[in-house]
Amino acid sequence: MLPIEAHDISFRVRYGETDPMGIVHHAQYFAYFEMGRMELFRAQGGDYRDMEARGYLMVIVRAECDFKKPARFDDVLMLRTRVLKLSPAKLEHEYTLSRGQELLARARTVLACITRDGQVQRISEEVLFGQATV
Amino acid sequence: MLPIEAHDISFRVRYGETDPMGIVHHAQYFAYFEMGRMELFRAQGGDYRDMEARGYLMVIVRAECDFKKPARFDDVLMLRTRVLKLSPAKLEHEYTLSRGQELLARARTVLACITRDGQVQRISEEVLFGQATV
Amino acid sequence: MLPIEAHDISFRVRYGETDPMGIVHHAQYFAYFEMGRMELFRAQGGDYRDMEARGYLMVIVRAECDFKKPARFDDVLMLRTRVLKLSPAKLEHEYTLSRGQELLARARTVLACITRDGQVQRISEEVLFGQATV
Amino acid sequence: MLPIEAHDISFRVRYGETDPMGIVHHAQYFAYFEMGRMELFRAQGGDYRDMEARGYLMVIVRAECDFKKPARFDDVLMLRTRVLKLSPAKLEHEYTLSRGQELLARARTVLACITRDGQVQRISEEVLFGQATV
């Protein structure tokens, strides 16, 4: 079982992340979600750089997002990342992005684990943390 | 009715679009889909820059993508963009991204039309093309 | 005279900012420098979003960077931004990007101020801060 | 001696490459220059993907750009890339970015060649093309 199941991060929207409408470009949200996923993993005691070095690559197999309200340059956003489901075949996360009390977006991603040659690998605590957690 | 309902574009993956796994970063796919959508619109006789200047902004309200196989640096990709549904409230597109005969990704986006102040507007041919098409 | 002439920020390299060599893509550094410039401006009491709303747009007219050592995914970097020169015609900044004691990059940018129509404007404290500072 | 010393490419500005001022974000130019450099290399008979696979990584050690006029969404741009200097230690390129007869930017980059472990390597035709050219 994972020691932590949700994690919050807060960050400020950078100028170059916004588009001519003055709002964060939708592709950028997926980079935010990745950052949330990485920080959740770190908070759980994981080390993504080390996991990759050991030959376990996590790839996105599905991503979806509902955009409710636009985020703007200089906004301070709050991103909550939650593990929705962990199985030997995939790892699902759910994300909620907010500005104060306003919900801006809700998203979900599904990851699979592959080898450097692109073969699917079983996900285990050994894979994720380099050792089984207690 | 829209004069063209599907459009193909072909492009080469840029180096900076790929990540440490040597594959196209998943957020980048949504930028490809946007390019496909813009080119379909152009092929239909639309002018997105002009539409924005007239005060009609198209914003993404939902995006989803299934990633089947990774795209790599220097790959020549083919993107087919198709209008799935057009209603006064939204515009849906479907995308298939391929490398030769291999399907790499399948995606769908939903757009709404808003004013510069963020108010939802009705989508019409007047909005899209500056005049009704016959 | 500007109340603060140098400002330090610290941030972590995001996965999507790195390339197939596992290092931060060089174009990304300029986004970091922009973030440093914005944060220095904020620390000086400026509000870039408000300055744009008042019709003063700062555009880059020159950028240069010497890349000494690569930054990698997950690195925590320190960026020092310093105002090098402020004249009615331009605003120059200098940047040093480090990881601990190691200098990774040194850069310089020159900004000019333009109107929404692209006409060059004189830079003054009124422009930068909405009022003259004492 | 390199078989081709200059190469032109033409491409259209993508929506997500522009910022709230409606112009191409300055960091994006360096991604364009990289594309020009890659296409020049391809026109010379090189294969960058193969060169990396053989363990020769080209890294930017210096980049500089003078931005003359802004590029906008939907503009069709022309980029000319030229080899300025090739020595065993470095490879210099010069770029001119235009829209029709208007010069938008002029830039220069310097590349060095390193091993996967970050050691500097001598640049030769063997490195660049996998064999000496005649």
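As written, the chain order gives the labels A, B, C and D, with residue 1 at the start of each chain.
Keep in mind that, in the parts below, contacts are C-beta pairs under 8 Å (C-beta built on N, C-alpha and C of every residue); 3 or more make two chains touch, one makes a residue touch a chain.
Quantities reported herein were computed from a predicted structural model and do not represent experimental measurements.
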Max Cα-centre separation from chain B goes to chain C
Of B-D and B-C, the pair with more C-beta contacts is B-D
Comparing which residue numbers chain A and chain B contribute to their contact, where sharing over half means same and under half means different, the two sides are same
Separation of the C-alpha centres, chain B versus chain D, in whole Å, is 28
Separation of the C-alpha centres, chain A versus chain B, in whole Å, is 24
Taking each chain's centre as the mean of its CA atoms, chain B sits from chain C at a distance in Å of 32
Contacts with two or more other chains occur in chain A at residues 15-16, 20-21, 25, 27, 31, 34, 73
The chain A residues in contact with chain C across the complex are 14-16, 31, 34-35, 38, 48-49, 72-74
The residues of chain B that touch chain A in their complex are 20-21, 23, 26-31, 34, 52, 57, 59-67, 70, 118
Per the touch rule above, chain D residues touching chain A in the complex are 15-16, 18-22, 25, 27, 73
